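Data block below; observations after.
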Amino acid sequence: MHRKLLTVITEEALERPLIKIINEAGARGYTVTEAWGSGRRGARAAGIEQGANIRVEVICEEDMAWQIAEILHQRYFKDFAMVLYLSDVQVIRGEKF
Amino acid sequence: MGIDPVILFFILGVVAGAVKADLHLPKAVYELLTVLLLLSIGLKGGVELADSDLLRILPSLGVIALKGVVLGLIAFGLLRLSRKLPRADAASIAAHYGSVSVGTFAVAMAYLEHQGIPFEGHAAAWVVVLEIPAILLGVLLVRGLRPSIGWAGLSREVFLGKGVVLLLGGLLIGLLAGPVAVEPLEPLFFDAFRGVLALFLLEMGLVAASRAGGLREHGLFIAFFGIAFPLIGAVVGGLVAWMLGLSLGGAVLLVSLSASASYIAAPAAMRLSVPEANPSLSLTASLALTFPFNVVIGVPLYHHTLAAIYPVTGG
Amino acid sequence: MGIDPVILFFILGVVAGAVKADLHLPKAVYELLTVLLLLSIGLKGGVELADSDLLRILPSLGVIALKGVVLGLIAFGLLRLSRKLPRADAASIAAHYGSVSVGTFAVAMAYLEHQGIPFEGHAAAWVVVLEIPAILLGVLLVRGLRPSIGWAGLSREVFLGKGVVLLLGGLLIGLLAGPVAVEPLEPLFFDAFRGVLALFLLEMGLVAASRAGGLREHGLFIAFFGIAFPLIGAVVGGLVAWMLGLSLGGAVLLVSLSASASYIAAPAAMRLSVPEANPSLSLTASLALTFPFNVVIGVPLYHHTLAAIYPVTGG
Amino acid sequence: MGIDPVILFFILGVVAGAVKADLHLPKAVYELLTVLLLLSIGLKGGVELADSDLLRILPSLGVIALKGVVLGLIAFGLLRLSRKLPRADAASIAAHYGSVSVGTFAVAMAYLEHQGIPFEGHAAAWVVVLEIPAILLGVLLVRGLRPSIGWAGLSREVFLGKGVVLLLGGLLIGLLAGPVAVEPLEPLFFDAFRGVLALFLLEMGLVAASRAGGLREHGLFIAFFGIAFPLIGAVVGGLVAWMLGLSLGGAVLLVSLSASASYIAAPAAMRLSVPEANPSLSLTASLALTFPFNVVIGVPLYHHTLAAIYPVTGG
Amino acid sequence: MHRKLLTVITEEALERPLIKIINEAGARGYTVTEAWGSGRRGARAAGIEQGANIRVEVICEEDMAWQIAEILHQRYFKDFAMVLYLSDVQVIRGEKF
Amino acid sequence: MHRKLLTVITEEALERPLIKIINEAGARGYTVTEAWGSGRRGARAAGIEQGANIRVEVICEEDMAWQIAEILHQRYFKDFAMVLYLSDVQVIRGEKF
C-alpha cells in the first residue's frame, strides 16, 4: 500500500506539541528517535542546557502529510530549528494507516 | 586553608574543554548528579527547617521572592536602555538573571562549609522562591498576558520543573522525617555531597568551555553584561540580606544567588513561551561567563567583601 | 519513630508523576540503582549465610519455592472463576503474583532495620527461589508444554535474568569472601543502601503514576485484584513463615514477598512466551496498585498484624 | 586473608557473559565508573605527591616512560619474527602492550591494600607516563612519519584522551589542594573506591566474555601471545622496578602495569591513525586474555614471585 | 545499484528473534536504532518495565525484503506492536548486497 | 522541492572527519543518530572499547550527494565498516538546501 512518510527533524523541546498536532490531524501513529546535527541554526548537540534534536516520522496519506507539514511550518519554522521532508513508502498490510 | 578542590574540578573541566580533550560525562550521569544535588540541598534544608520557627521565616521568603522580580526588572531596564537587543531577548535575559542557579548555590554552600562559616539552615527555601518569579516576569514583559504556550502550559513548565519539585520535595521530606530518620540517608545525600559537586563542576567546566564560542558570536556587550550584572545582583542581594538581618553566611548565600543566573528552569521555559528570543544569547552569558565568574571569583569575593563591611549584628 | 523517609521519596515520585512534573531519572540511572540494590541484598545475605547452617536452610527454601507455585495457582483459579479474563491473561497475571518484587523486599528490609527488628540473614535466598517457579507455572498453564520461544529460550529468559544472576552472584560472593573481606565494599553497597533505595523509590513512584492511566482502561476488576490479592498472598506467606518457624522479622519479609508481584522477570518472560497475553494488564496491576499498596500500607500493616498474632516461639 | 571479593565480581561477570545472561551495565554507567576510578587514582596519587620530593621522582618517570617504548619494540619484534601478522597489525598490538591498562592498575592497588602492603604514593604518575609513548611508537612503526590523521590529530587523540586528562587532572588537584582540603571528597572518591572497582570489574567480566568469540576467529597464536607476553612484560617491569629501587609494593604495581595492555587509549588512537590494522585482533588479546589473566592470576603471581626474590633493600 | 530498504518498527523484546530471521533469510546486514512512538497498540515509551521500540533497517533485493516482511508479519503482527514498510534506495558501490 | 537524501552508516569513530567532509562539500546541514548493526565487518554493538555505529543523513542536491559519497567511499570504505545509499525526498519549503 503506497503512503507518504513525513520526516521532521527539530528541537527536542517541541516533542510534546508536535505529537499533539500529529494526533489532532488524525494520523494513526508516529515514531521518534533521538538525533543531533547541524543546519541553518547552527550545531545542535545534546547539551545539558538544551536537548538535542528529535527525528519524528509519520506514515500517512499524502494529504494528511501535507496538512501536518503545513501546520508545523507555519507555527514553528521561523523560531525553531526544523527540517521537513516527504518520501514514498510501501506499507505492508497497512490496512490501518 | 588550601584551595577548595571542587573549584579545581571546575577549572579542570574548563581546561579540558578548551583544549578539546576527549572527555565528557554522559547526559544520564549529569542528570543523576543534578538530582542528587537538588535532593541533598533540599533534604539538608528540610532537616534544619524542622528546628526553625516557620512563621518567622515565611515573610522573609516573600521579600526574597520580590527581590528576584526587582532584579529581573533592573536587568530588563538596563538591556533596553543599551538599545543593543530586541525586546524579546532583553526579557529572556532578564528572566535568566532574576532567577537563580542551583549549581552556584551548591558551590557557595560548600565554600562556607569549607571555611567553617555557619548559615541559615533553611536557605534552600530561598532557591525555591527565587527560581520562578523572574521567569514569569520575563514572559510578561514580552508577551504581555499571552505566552506562546498559554499560562497553563507556562505554569506547568516553571512550577513543575525538576528544580522546584526536587528542592521542595527534599525540603518537605527532611521536614516531615526529621534529623534522626534521615540519618541512614546521609552517606549518599550528605557525606558524598562534595564528591558529587566535584563531578558536577567538572561537567559544568566542560559546558562553559563549549559555550565560549558563543562569546565571539554575540560580541563584547554580552560578555560585559555577563560579568557586570552579577555585581549589581550581588549589591541588591546584600541589601536584602542586611534588611532581613541574615547571618554573614546567609548573606554570602543570598548574595551568591542574586549574582547567579538560571541555566535550567529559565531556558526551558523561555524557549517555549518566548520562542523568538535567541536561546544562545542567554545561555552563553549564563554558562560561559556568569557561572564561571561566580564559582571561581565571585563567591570568595562576596565573602571577603561582606566580612569587611557586613554589620556584625546581622544574624 | 518518625516516618521512614524512603517512603516519602516514593510518595514524592507519585505526586510528581500525577501532576506531570518534568522529572524522570534516565534509564541508565534506574538500571544502576537496580544493579546496586540486587547486589547489596545478595551480598548482605551471603555474608550472613557464611555464619549459617546451610543444610538446615535448604529444605525451607524448597517449601518457600513451592509456596510461589501454590500462590500462582490460587491467582489463576480465582481469575478464571471470575470469568473476566481470557486464559492467557489469567496465566500471565498468575505468573506475576506467584513471583516476587525485589523492590518490595528492599523496602521491607529497610523498614525492619528502621524499626530495629532482626530477621534471618539469608532471606535474600528466598527472593532467588521465589522469582522463577511461578513464571514457569504461568507458561505451563496457557501453553502446556510448548512456550512460544521453546523451553530452552524460556529457561534462558528466567534463569539468566538480571534478578537471579545478581542476587545469586552477590550471595555467593558474600559467602565466599566472608564478612571481613567484604568490609571495603560496605561504603557503596551497605552504607549507601538507603540512599539508593530512596532514589529507586522516587523513580518507582513516577512509574506508578504513569501507569495509573491503565487503571481507567482495564477497569475496576483489575484494580480490585491488585489490592485484594496481596492480602491473600500475605496470609499464605504468613502460614508458611509460621510453619517454618521464622522469626517475626523473617515473617514480615516473607509475607511482604508473598504479597508482592514481579515487575521485572515476569513481564520479560511472559511477553515472549505467552505473547497473546496483554502486558499492560499485569503491569498496571503490579506497578500501579500492588507495589504502591505494599510500600505505603502493606509492609507496616503486615508487621503490626504479625506483631499482634505471630507466636513468640517463631524464630 | 579471604579471597578479595572484587575479583569475584569479575568472575561473576565472566560467568554471566559466558552463559549469555540478560545482564549489562548501561554505557553511561560504565563511563561514570571509569571517570570515578581515574579521578580516585589520580587524586590519591596527588595527595601523596604533596608529601614527596618531586625532583627525586622526575628522573624515574623518564625511565618508566622509556620502559613502555622498549616493551612496545619487543612486542613488535616478536610479532614480526613470528611472521603471522602484517606489519600494521603487529605495530597496533605492540602499541597496546607497550601502553597500560588503568583497570589492571586499580586491581593491583586494591590487592596491595587488601594485603596491607605499602607502595609509592605517586604510582599514579607512572600510569600517566606509560599510557602514551608506546602508542606513538606503534604509529611510527607502520606509518613512519605520516599517521592517517596527521601528527596534530594523533597528538590530540593520545594526549587529550580521558585517561591522561583525568589522571593528570586528579594528580594536580590532589597536589594543589593537599590532604586536608581533599578530605570532604573522600566518601565518594576514596571510601567508595572498592565498590566502584567491583562494579567496574563486573562489567569488564561481561566484556571479556563477549570478546571470547574473537579467540576462535583469530586462532591460537593470538591466544598464546595474550598470555605469554604479559610474562615478558612482567620481567621487564620487575627489572626496572629493581633498578629504580622501588618498594615491594611499588614493584608489584609496576610489574602489573608492564604486564597489562591498553584497551581505551590505544584502540581509539590506532583506529584512526592506522586504520588498516584489524581492531578486533588487539582488543581480543587485551580484553579476552590479558586483562582476565592479570586480574585473576597475574597480580597475585607477580606479588608472590617478587616477595620471594625481590631484594629487601628495594624501597 | 537499486535495492529495497525494509524498515521494521517494533518492540525491543523482538530484537533477537528479528535478527535471527534476517540472517536466516540471507541478508548481508542490518541496522538498528532505538525509537519510541505510538500506534494501534498505544504509546510505547521507554519504561523501566518494557523497552521502547526498535527501528530495524535491512537493505536487500526486493524478493528478500518481501520474504522477510512476510515471515515477520505472520509470526508477530497479531500479538506485537509492529509496522513494516519498504522504500527504494540506491546503494553506492554495493557489490556486497 | 526534490532533493537527494544521502545516508551513511559507519563507525562512530568517523563522526568528526565525516562532518568535516560534509561541511567542506558545502552541504547546508546533516543529522546524526546512534545505531548498531551488522554487515561484512561483523556485528557492531555499542561496546565499552568501541562505539557502535552512527547513521548520518544529508539532504542536498544530487551532485553534491554523489560527490560526498565518492570522497567517503574512497577514503574509508576499505578500512572501515561503512554503508552508503541515496534516496529521493521532497523537502518542504526547503529554499535553504
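Order of writing sets the chain letters: A, B, C, D, E and F. Residues in each chain are counted from 1.
Just so we're on the same page, contacts are C-beta pairs under 8 Å (C-beta built on N, C-alpha and C of every residue); 3 or more make two chains touch, one makes a residue touch a chain.
Keep in mind that what you see is a predicted model, and the values were worked out from it rather than measured.
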Check: Tell me, which chains sit next to both chain B and chain E?
Finding: A, C
Note to self: Relative to chain D, which chain's C-alpha centre is the most remote?
What the structure shows: A
Margin query: Can you check whether chain E and chain F touch via the same residue numbers (shared by over half) or via different ones?
Written below: different
Check: Measuring centre to centre, with centres taken as mean CA positions, what chain is farthest from chain F?
Finding: C
Notebook entry, point to check: Cα centroid separation between chain C and chain D, in whole Å?
Noted result: 41
Margin query: Quick check: how many Å separate the C-alpha centres of chain C and chain E?
Written below: 35
Notebook entry, point to check: How many Å are there between the centre of chain A and the centre of chain D, using C-alpha atoms for each centre?
Noted result: 46
Next item on the list: Mark out which residues of chain D touch at least two other chains, giving numbers and ranges.
Entry: 26-29, 32, 187, 192, 268
Notebook entry, point to check: Which residues of chain E are in contact with two or more other chains?
Noted result: 33-34, 87-88
Next item on the list: Kindly provide every pair of chains that touch.
Entry: A-B, A-E, A-F, B-C, B-D, C-D, C-E, D-F, E-F
Next item on the list: State the interface residues of chain E toward chain A in the complex, per the touch definition above.
Entry: 7, 9, 33-40, 53, 55, 69, 73, 77, 83-88
Notebook entry, point to check: Where on chain E does chain F make contact in their complex?
Noted result: 3, 5, 19, 28-34, 59, 87-94, 96
Notebook entry, point to check: Given the complex with chain D, which residues does chain B contribute to the contact?
Noted result: 1-6, 8-9, 12, 16, 19-23, 25-29, 32, 110, 113-114, 187, 191-192, 194-196, 198-199
Next item on the list: Spell out the part of chain B that touches chain A in their complex, as residue ranges.
Entry: 27, 30, 149, 203, 207, 210, 263-264, 267-268, 271-272, 275-276, 279-280, 283, 287
Margin query: Taking the touch rule as given, give the residues of chain E at its contact with chain C in the complex, in rising order.
Written below: 11, 13, 17, 42, 46-50, 76, 78-80
